[in-house]
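Heads up, the next two complexes both have chain A, just with different partners, chain B and then chain C.
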Partner chain A sequence: MDQLLQHFLNALMLGGTYALLGIGLTLIFGIMRVVNFTHGELYAFGAYMMYALVMLSGANFFVALALAVVLGALLGAALEFVLLRRLRGADIDTTMLVMIGAWIALQNAEQLAWTGVAKSIDNPFPAAPLVIGAVSVGWNRLFVFAVALVLIGMTYLVIQKTKLGKAMRATFQDRDTAALMGIQIGHIHTVTFALGSALAAAAGALLGPVFVAYPSMGDLAAAKAFAIVILGGLGSIPGATIGGFILALAEELGAGYVSSGYRDAMGFLLIIAILVFKPTGLFAQKERIG
Partner chain B sequence: MNRTLATFFVAAALSSGSAMSQDAIKIGVTQPLTGAFAASGNYVTEGAKLAETAINASGGVLGRKIQLVIEDNKSNPTEAVATAEKLISKDKVPVMLGAWSSTLTLAVMPKLMEYGVPMLVETSSSGKITVSGNPWIFRISPTSEMEAKAFTGYVKTLGIKKADFLATNNDFGLGASKEFAEMLKANGVQVGVVETMDPKATDFAAQLAKIKASGGDTLFVTTAVEQATLILKQAKEQQLKARIITTGGSVSPDQLIQQAGPAADGSLHLVFFTPWFPEAVKNPDVAKRFVAAWNAKGLPAGGLTEGFRGWDGITTIVEGIKAAGKAEPKAIQQALWGVKVKGINGDIAFIKQGPAGQESAQNVPSVYLVRIDGGKVVKN
Partner chain C sequence: MKSLVTVLGVAALASVPLWADAYLLHVLVVTGIFMVAAISLNLLLGYAGQLSLGHVAFFGIGAYASALVSLGFDISFFTLKPKPVWMAMLAGIAAAGLCGWFIGRLSFKVRGAYFVIVSISFAEVVRLVAVNWVELTQGPMALNNIPPLTLGSLTLWKKPENYWLVLAVAVVSFILVKRLVGSKAGRAMIALRENEPLAASVGVDVTRTLVLATIVSAAMAGAAGALYAHYVRIVDPDVFLFIYTVTMVIMVVTGGKGTLAGPVVGGLIFGLLPEGLRALAIKPETQWIVYGVLMVLVVYFLPAGIVPALKRRVRWIS
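Then we have the complex of A and B:
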């Protein structure tokens, strides 16, 4: 029973970060139709910015966190401006190849800049965990969970309640019509990519201090993010959020009660099962087909 | 000066042809310089380069200099095969050093058979490598079985009653947990759960919750240093009481102290080089020379327990070339059987392992157990 409770608690903490990774990708994937292979690298970038700011420059942890997110947004905007802007209208294969190239270039740049040795980042939270009965959770993880929820909520509000969000949703539903209504598609794309990148960098900046920062840290994170987006349905923020928690729970319980060797397979088995019954994902939004 | 430089570049460009290869004896090196094992692979390569410099400074071998041809296997078995293919068929190296992880080494092995080129294995510990009947394999690192055997004496002194395992899900991790579990059972220790993790995973909460529920007094961890760091930190978060022991010799205690801080206190580590107590090693003069060269190059102390493998590997290969009297694969393979090398780990010599007539060569290295105590490495 204690073990089950601990698994649920772990899944909740893990799900928050999965959801954060998922919503950033679902925005870019959904609105821009770009298979963003650099998502994991933005995640690593966020973690390395925390390392640079906290460990090398001695900045305050929370200030560094905010700065890392802003820098992530800027890097995302730059990527969109330099690479993707020229590729609008190009077929999906070309865009994918460019993004794969950017992914490899970014990952190797990270290793060149920081070497392959993992970097640990200090955090201001007490080392002793919070103990509730027989289960326990680190304070740093609770902080990550809380910030992740706030960021997810804020993103949801931006998309649903602001004029910018409305324009983004319109672009998602039908790019041509949105353009005819006077929406600057170019701006929307830059903002979307910057926002998605900022969320990935936020996830990295939050998790870097929990784990360690290393150049290939984004690979597994990106794989999970793709799975969550497919599970939740393209472009759906509630879908990506719930998808993140479902994936985390499937992994925790699968590892705890079936076999930890197949931990990562559990989530993907679940995805296959869900897609058999709901091919567009759990919460796919309506869009014009063709 | 400019002319010299230009000549150098022209010579380098033509090196696949004739001029350079006449002068220098090439030794192929395949290591993970990028990807999941990049940190360790780079340290091994640095150690190998220091040996290259030292050997060339003292006149090389057979009156010729040696030249390392270093390829990055990207921590990926497919890439590892490609590097071996390239080193053997394009660079025409007569002997190789590689490939760090067991999975990478196992991937390369069929190529050694195909082309008939010996490879010195400096890190991998999976038992499979030396029992599969590949006569081109010369391993200086201990097998998991040897490590487990060396650990036998500690079972009583540490008072281990029940042990759990957490291992990376590959040849290295699975092999080590199997060998240690067998050794422990034979010594009357109860074996609890054997948990595995993806080599890229960073979150082990699920595994640790299960291990905590199993309630062993000792947890054996087999993985690279990156994951070991995270396991120590997360075990603390989950209030795991069990004592943690890492196997495989690739978990640098200095790096753990730096990265995991107080979470590393009390953990024990099997290592194959103890730079903290130079008097404890078999050949202190060799060890001191290596540490001095390492420090002179400004390399981090945390890399010493990994870097020494590259030095020992290249020194052994060069002894093989010297004994062979020529830089040819078959001659080096035969000569390596007879070498006696004063290594950093200890005296290196090979015994036969695997099916008769097809034996691989295995060294019997020294294994040490150290403990981290108050942010310092101490003898156990």
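Then we have the complex of A and C:
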């Protein structure tokens, strides 16, 4: 029982970051109709920025975290501007190929820049975990969870309460009509991609110090983000949030009770289950069924 | 005229072992194997309009299944005696085709990006199985001493024989895709790619057609994997690396998706290019960066690929 409780707690802690990854990806897909294969690389970028700032420049941990997120947003905006701006209106396969090319180039650039050796990043939290009854949780994990929740909340506020968010939602519903209403679609796309990228970089900057940073770390993160997004329904933000926690729980239970070697296969099993029983995801909006 | 050129081309390719050295021959055998995989991917991506980002899974399943059947295995609930290699290769093709059916049935319930994502995570899971199910796959220790193919009294130990085998399989795959694309099912695929609602309205069974394309494509990729296993004679979980899928995709896209010659031209370019880059002492990471940038540039400036661009040029001159 205590063990089960511990698994639930671990899943809750991890789920926040998964939700960040999923929300970023689903936003970009929903608004831009782009399957963003560079998402995992933005995640790795966040982790490596933490390494560069904290370990190489000696910056304060919290300042570094904020900077990493901002740099992630800037990189995202640059990617959108250089790669996707002129492909607006192109079909989904075309943008997909461009994003795959960018993914391969970015990942190998990371490998060239930081070598293949995994980098660990110091954190300022006490090493002794917080013990509550029979379960325990590391302070660093708790911090990651809290920041993830704050970022998720901020994203919701931006999308639901601001004028920018309104324009994003309008673009999501009908791009052409939104453009006719005077919304600058190009501007919305850049902001969306920057926001999604910032969330991915935040996830990487938060989890980098918990685990280690290595060049192919983004692949696994991207695979998980895809699973989360299918789980919640492509384009659904509440779906991605809950999907993040569901995936984290499935992985914790799978690793705890089945086999730790298959931890990363849980996402795929969830995808199969969802496609068999509810193909449009738990929170489907309007994806067509054939 | 056209068929004469084709025959002469194949004859020229068949004469390569008579003058090429062992290293070049090895590069060409591996290139040919990947070309078969690219031809299979082109059927899905180019004609049916579905991007399979887990194509390496079918390739790897073909390799593993064929290797395991030819070596025999002994797991807790099942024992298999070693079987002749030709039977093993057929088993590899069947296993890959079966997986294609499964993935197709599952993901073509929904349109859009689902097939891409399902296929990519399928490849990752198959890799995890290959790493973790040590009893069957030997995990990272790899399957060693895989026997080469035996045809009658001839066992294919040498490179020239393997080269001819791969060439024959490539020609058969090419003809198979050509015939399939010209058939009713193939025309249905192209109609779907161009306009799905319209195709459905004239009676094309959408899901069925797409699943069929996936099965054929997967089985063909499995054949390439089986060739690979019995040529290299060692298979480890690294056959499932995503980078091989990227290689196949870039071969098809650069050559020209939806053209018969596209994957052949693209396969030759990207089969030989790494050797050229290696001669320039370029690091593998840089090579992959070049691939990635090239992919972006092709989409921007040569969206239909090299073969259609060349055809237009030839028509313009004449």
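For this structure, a couple of remarks:
FYI, the second predicted complex is superposed on the first by the 283 of 290 C-alpha atoms of A that agree within 3 Å, B and C clash if a C-alpha of one lies under 4 Å from a C-alpha of the other, contacts with A are read in each partner's own complex, and residues count from 1 in each chain.
The definition used in the following text is that a contact is a pair of C-beta atoms (placed from the backbone, for glycine too) under 8 Å apart; a residue touches a chain by one contact, two chains touch by 3 or more.
Since the structure is predicted, the reported quantities are computational estimates derived from the model, not experimental observations.
Overlap between chain B and chain C is detected when the two structures are superposed via chain A. Of the two partner chains placed by the overlay, chain B and chain C both lie in contact with A:Gly261. In the superposed model, A:Asp2 makes contact with chain B only, not with chain C. In the superposition on chain A, contact is made by A:Gln111 with both chain B and chain C.
Legend: residue contacts after superposition of the two complexes on their common chain; A:Glu251 is shown touching chain B, with no touch to chain C.
Contacts of A:Ala127 after superposition on the shared chain: chain B is touched, whereas chain C is not. Applying the stated contact rule after C-alpha superposition, one finds that A:Gly165 touches neither chain B nor chain C.
Contact with chain B, but none with chain C, is seen for A:Met13 once the two complexes are overlaid on the shared chain. Of the two partner chains placed by the overlay, chain B and chain C both lie in contact with A:Asp219.
After overlaying the two complexes on the shared chain, residue contacts for A:Gly138 are found with chain B alone; chain C is out of touch.
Of 61-69, 97-105 or 133-141, the chain C stretch that intrudes into chain B once chain A is superposed is 133-141 (criterion: clashing C-alpha atoms).
Across the superposed pair, chain B and chain C both touch chain A at residues 107-108, 111, 219, 259, 261, 264. Chain B makes touch with chain A in their complex at residues 33-36, 38-39, 41-42, 75, 169, 195-198, 200-203, 205-207, 209-210, 212-213, 225-226, 229-230, 236-239, 255, 258-263, 300, 302-303. Listing the residues of chain A that touch chain C in their complex gives 29, 35, 83, 86, 92-94, 96-98, 100-109, 111-112, 219, 223, 226-227, 229-230, 234, 259, 261-262, 264-265, 267-268, 271-272, 275-276, 279-280, 287-290. Those residues of chain A lying in contact with chain B across their complex are 2-3, 6-7, 10, 13-14, 107-108, 111, 115-120, 127, 129, 131, 136-138, 141, 207, 211-212, 214-217, 219-220, 251-252, 255-256, 259-261, 263-264. In the complex of the two chains, the chain C residues touching chain A come out as 49, 51, 53, 106-114, 116-118, 120-122, 124-125, 128-129, 131-132, 196, 200, 206-207, 242-243, 246, 249, 253, 283, 285-286, 288-289, 291-296, 299-300, 303.
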